[in-house]
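Handing you a structure now.
Letters A, B, C and D name the chains as they come in the text, with residue numbers starting at 1 for each one.
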Amino acid sequence: AEKMKIAMVVKNLGNGFFDAAHEGANEAAKQLGDVEIIYTGPTTATAEGQIEIISSLISQKVKAIVISANDANALVPITKKAMQRGIKVISFDSGIARDGRLLQLNPSSPALIGQKQIEMASDAIGGAGEIAILSATAQATNQNIWIAEMKKTLAQPAYSKIKLVSTVYGDDQSDKSYREAIGLLRSNPNLKAIIAPTTVGINAAGKAVVDEKLVGKVYVTGLGLPSEMAGHVKSGAVKSFAIWNPIDLGYAATYAAHQFVTGKATGKAGESIAVGRMGKLTVDAVGEAALAPPFTYDKDNVEKFSKIF
Amino acid sequence: MNAISTSPHQSAAPGSRYTILDRKAQRLSHYLAHWEALLALLLVAVFVGNSIFLPHFFDVYNLADSTFNFSEKALIALPMALLIICREIDISVSGTLALSSVAMGFAHHHGVPPAGLLFVALAMGAVCGSLNGVLVTRFALPSIVVTIGTVALFRGLASVILGDQAYTGYPQLLIDWGQGYFFDIIPRPFVILLVFAVLFAVLLHATSWGRRIFAIGSNPMAARFSGVAVDRYRFALFVATGTMAGLAAWLLTGRIGSTRPNIAMGWELEVITMVILGGVSIAGGKGSIGGVLLAVLLLGMVTYGLALLNIPGVIMTIVVGILLLITIAVPRLLNRKQTKK
Amino acid sequence: MSQNPPIAQNAAPVLRLHGICKHFHGVTALKDVALTVRAGEVMALIGENGAGKSTLVKTLTGIYQPDAGHIEVNGQRVLFASPQDAMDAGMTAVHQETVMFDELTVAENIYIGRQPQTGYPARIDWALMASQAEAIFARLEVQLPVLAKVKDLSVAQRHFVEIARALSQDARVVIMDEPTASLSQREIHELYRIIGQLRAAGTAVIFISHKFDEIFAVADSYTVLRDGHFVAAGLLAEISEPQLVSLMVGRAIHQVFPKVEVPLGATLLEVSQFCHPTEFRDIHFSVQQGEIVGFYGLVGAGRSEVMQALFGLTPGVTGTVKIAGQEVTIRSASDAIQHGIAYVPEDRQHQGAHLSLSIVQNITLPILDSIGFFLRSKRSRETAIARQFSEQLELKAHHFTQMVSELSGGNQQKVVLAKWLATKPKVIILDEPTKGIDIGSKAAVHRFISELVTQGLSVILVSSELPEVLGMADRVVVMHQGHINCVFSRAQATPENVVAAASGSAHSNEELICTT
Amino acid sequence: MHYLKQREVQLALLIVLLAVAVGVRAPVFLTAGSLGNLLTDSTLLIMLALAQMFVIITRGIDLSVASNLALSGMMAALLAVKYPELPLLVVMLVAVAIGLLLGLVNGYLIGYLDLPPIVVTLGTMSVYRGLVFVLSGGAWVSSHQMPADFIAFPLSHLFGVTHLVWIAATAIIATWLLARYTRFGRDLYAIGNQPLAARYVGISTARRLFWTYGLSGMMAGLCGYLWVARYAVAYSEIAYGFEFTVIAACVIGGISIAGGAGTVAGAVLGALFLSVINNALPIIKVSPFWQSALTGIVILTAVLINARGNKKAGRQILPLAMLQPSSRSAA
């Protein structure tokens, strides 16, 4: 019999995070047996590129599309069309606006991610001092949501001694991120921590702190992959950083997609969807579900995980 | 030596000593030697190949839908072809597109009615085009330099206005045109593309304007000496390119229903690739709209075929790059062999 | 004057060609060409436009490779695979198109690719290069700043740089392809002197020119090409000009300057107080209907600049222009065309021809508006116009859709002329109209100019060729350094007067200015 | 000559002025550490601009530099990861050799096949960028995988200055010698001035272009290693879009896109100018959303200032002594 085709469309290829998610998808496929995974994504992280890919997936009559979107709104028209043709669309990681998908699977809740990063920064600098954020592009949806959550968290009395002095954008380019990080260090002599919720950014910030010989004075934290961050943890520029498990995320998203295709899930509010070894997801009022709080990595465990993803 | 001849001269020369034919005797082999013929053959080959080997390729609905992927770019490629024939180039088109889209979003949020958005986009495009045009003609700057500067400026302004926000919630009219169909099958942007292709083809190949564009591209100074208002043509072509980028912005915004400053990132190179593959000489003075359209379809079919195979986008760029290199290099290599003999 | 010292006709030939053939996509440019030059000989290479002279030069300098035949240098068979090979064999050329590097200095232009080097690893010795260049100019007895950039030189000076380059390489054979085409009388004499030096030093010279007085003045022998074929060769002392012409053209040419007397009408064009900040000042002149006004001056006197300004091509010009008594503003070439002015520019390559367009497309470019907007339906009309004017000028081409780049230099010039005649002007400005045109066609152009005035047109004839100006013009305006030095009536215009005025020494003859 | 010198002096003054102006707003910008960092940061751009300068002088353009840089850098990183015991010098030489090879592909197509540079490099730009992805399998090479000396080299100090700066200084001197004192360099100017004429005087244009693009590729290869080592990470998209920055640096430095004119000093200053801007913007806390627009404005302004000098007045025919009274009377 023909296998059920489930396509995983990622923001861009050549991104360790999504490669790990792909691994999880394959694991789910193997477990489910009759599933074939198509792993694809544009070269550069643009909505236009993803639209082209989705339209070809529609032509191929895949059964489901699991996608991490580059633009929450721009993809709605094309995914709507896909759903009209009977394709189940669920988004994971970076979501699509509600009209354009059946389910959004958050790796964790944005609030938790925001809180976690502030917590890590606060821990590193002893609860007081200036911090700054180094983001990817100004257009990255999930980055912006997390930044908003971080600002909310900072407003809590527990963090009243921490001051966010600046938010800058490195466009996910190593040279620009590095230059922006240096700029932050230069123009804010009292800076204690840089939070970079993006892998290129956290890498560049770590390197900048080392190069400026500020290890121990300024700490970098944020979101990154253990395999990419191990070096910076070792150098001391990064005390801890967080990430959810992308393998689990890919696994759960694929599994959920299978449930939709086989009619075992519909995405109604309050519904509970079984996702294999990850247990059950509960769909909330806006059609979203969250996996687990992000996991923190530090010098004790980073070596171990760097071999996995 | 300089004595004046007194012998009465014979009245007007009795015709030339040389006979000049009206035009070259056209043989079939001449038509085949045209670039367009090569492209057409390639297109047929790709089409047939894809139809045989790809199960989902030969499907009218799918083929029709695949045109969405290139119609907007191709719309910009048309005036770009004219510009390149005229020895100019516009790198800033994607920036113009972004800024036009932002202008539409801005206008929409400030109560401009849906029908007015088209004019907002076109006007913004025209403004961007005129800035390029003024800088190039008034200050005699090379257009590649100017537009490398303006692309940063236009995209930058888009990001100044939008910041980390996005414009969404565009009216249905836009969506109808950006992603709608005629007769439920032919995508509207593709129809618009065909209409404009015919328009531009007539303009370039059948009118005195087109002739002058070729004349400017072949020798700008001589064109000026022949009474062609060179700078006016250049300026007009920049404005036309900007305006078409505005039109593309209108369609693209309708298609994706949102505006962000990084919309259409990197399109300039794809547009220029289409034009060059279409046989337009980067040195100016040569090219045809037919060729450009064939190149657009060829690229469209190739990338669509690759997409159906789920080949990653990166490999597609390699394929397109190699296609470009091969199509320009092979005729040259063959030619060289011939002359060597 | 063929009183040149006789050269030993039995001296060993430096260069011999045998059966050289060259085709361009089916067009035969050279067919079985044979040629022999000996040391110390100045050989004139003669032929109509498109006879294949420049192609032969390019074959001799390794730019083209012949399809058949072979070249012998000093009795040795050689193969020029590249210009470098030809240079190594002692072949140098001053090409028809100027070969100059504007941004480089004079010295470097001379030595480009062969700069003197010192040290290890070798590096260019700039000082040595400059002094060597100075030495060459000293030998030529020409004053030139060797460290100036070539873009700052005048046309004549540029020519000397090219000649200096040819001389700097110990050439066995120096080829000059129409070296005098844009030189004025004085500089032509300098060139003669240089050729004399070369001959004395035992260098062979191949001299290409369409001007027979020059050929008889400098050359010892001749070789005639016609339609790419070798026709004849021999000593100039043994042949007369008409004989040579008929060898070249294949028929006799009688009228040289068919000046016809035309009754002059009302004043058609009047220019006064014409000024430009750097190029010219206080230009006054007028042209009557049916009149030919000659503009003479040394090369670089600013005649072309005045004409281009008059034609609306130069911004920043002040002064008044009246056409038929009516003051007009001319801001662009199309204004000028509308007012019935036509300007045939001197620089064919850059200002005249569209090399990648066809003959028809070139000719109809200025009159497109009168043909119509949709040209597709007007093809036969366009061709008819092109045919009318091409045939009058004896254009040699295969078909009208041929690209102009495939024509020979002279034929390109004819296309440009045809283009302007097709605008049916009232006043036509011809800037060096016969530059690079062969004698037969030149006669045709002159005949044509006469016809134009009989039809009631006025002609402004800018020319650096004294016989042409004196032979054709009703009045001669002489310019010097951007202003009008003298105006001569036809009777007053003697070669001596005109040349003296052109070199600026006739300031005392102020009274001549107002003769009309 | 005189005038040209002036233009470069102008640009240098402008850079100093700009730096001082930034320093007034943010004094930290003028500290030794910050300026040292600025210098180090500008080196890669300077080196690439120098190589691009030669290409532009020949009337060409090399759009593939950034892709070439990414490919050579990735290969160097992969090599160093696979064989950590390999001496650093070998790794660097391999990067340079790969860059050279990729450049020579451009050179062959442009020089020997006489294809238009912009088209060829547009094509190879996509191909090379794609190859980075294919060869790396899309994976990152990150800092802890790379050998320590691989990462340390660019920023290590020698006599108080980073290796990067020493390398750039060497590159500046070498290109200056090349441009001024070798036939190769002078031929490039000739080719750019008049390609046809260059052929007539016996310059083998094809060979010269072949090696010019080779040189550009070689520099990209070297910068590829330096880039990867300096930022301690290699992935498919490094230096994405950097080719336009390089070209902008050349244009600001007064290197004429029309070919035939341009100086080493111009290229260096143009690159410095952009580096100052890029480094200053984060420090003086300009809104990040304004950065791109400001860069565009700055490029356009620099180009306009350059162009004012270029504008041709008529030729000087009137004798200079006469000029004064007549121009007054005309006014």
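Keep in mind that, in the parts below, a residue touches a chain if its C-beta (ideal position, glycine included) is under 8 Å from a C-beta of that chain, and two chains touch if they have at least 3 such contacts.
Chain labels with UniProt names: B = Autoinducer 2 import system permease protein LsrD; C = Rhamnose transport system ATP-binding protein; D = Autoinducer 2 import system permease protein LsrC.
Not measured: the values here are computed from a predicted model.
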Between A-B and B-D, the pair joined by more C-beta contacts: B-D
Intercentroid distance (Cα basis), subunit C paired with subunit A, Å: 73
Using mean CA coordinates as chain centres, what's the subunit B-subunit D distance in Å? 30
Mind checking the centre-to-centre distance between subunit A and subunit B? Centres are C-alpha means, answer in whole Å. 38
If you average the Cα atoms of subunit A and of subunit D to get two centres, how far apart are those centres in Å? 36
Pull out every residue in subunit D that's touching 2 or more other chains. 129-130, 133, 138, 236, 289
Which subunit B residues sit where two or more other chains touch them? 159, 163-164, 312, 314, 317
Where in subunit A do residues touch two or more of the other chains? 13-14, 43-44, 138
Chain pairs satisfying touch are A-B, A-D, B-C, B-D, C-D
For the complex, give me every residue of subunit A touching subunit D. 13-16, 19, 43-44, 138, 166-169, 172-175, 178-180, 182-184, 186-187, 189, 200, 203-204, 206-207, 211-212, 227-232, 234, 306
Residues of subunit A that touch subunit B when the two form their complex: 7, 13-14, 38, 40-44, 46-49, 51-53, 55-56, 58-61, 71-78, 81, 97, 137-139, 144
Partner subunit A, residues of subunit D touching it in the complex: 26, 28-29, 33-34, 37, 41, 129-130, 133, 136, 138-140, 142-145, 155, 227, 231-233, 235-240, 242, 278-279, 281-285, 288-289
Please name which positions on subunit C make contact with subunit D in the complex. 61-63, 82-84, 86-87, 93, 95, 97-104, 108, 112-115, 117, 122-124, 147, 149, 165, 275-282, 300-302, 305, 314, 316, 318, 481-483
In the complex, the residues of subunit B that touch subunit D are 91, 135, 139-142, 144-146, 148-157, 159-160, 162-164, 269, 272-273, 276, 281-283, 312, 314-315, 317-318, 320-322, 324-325, 328-329, 332-333, 336
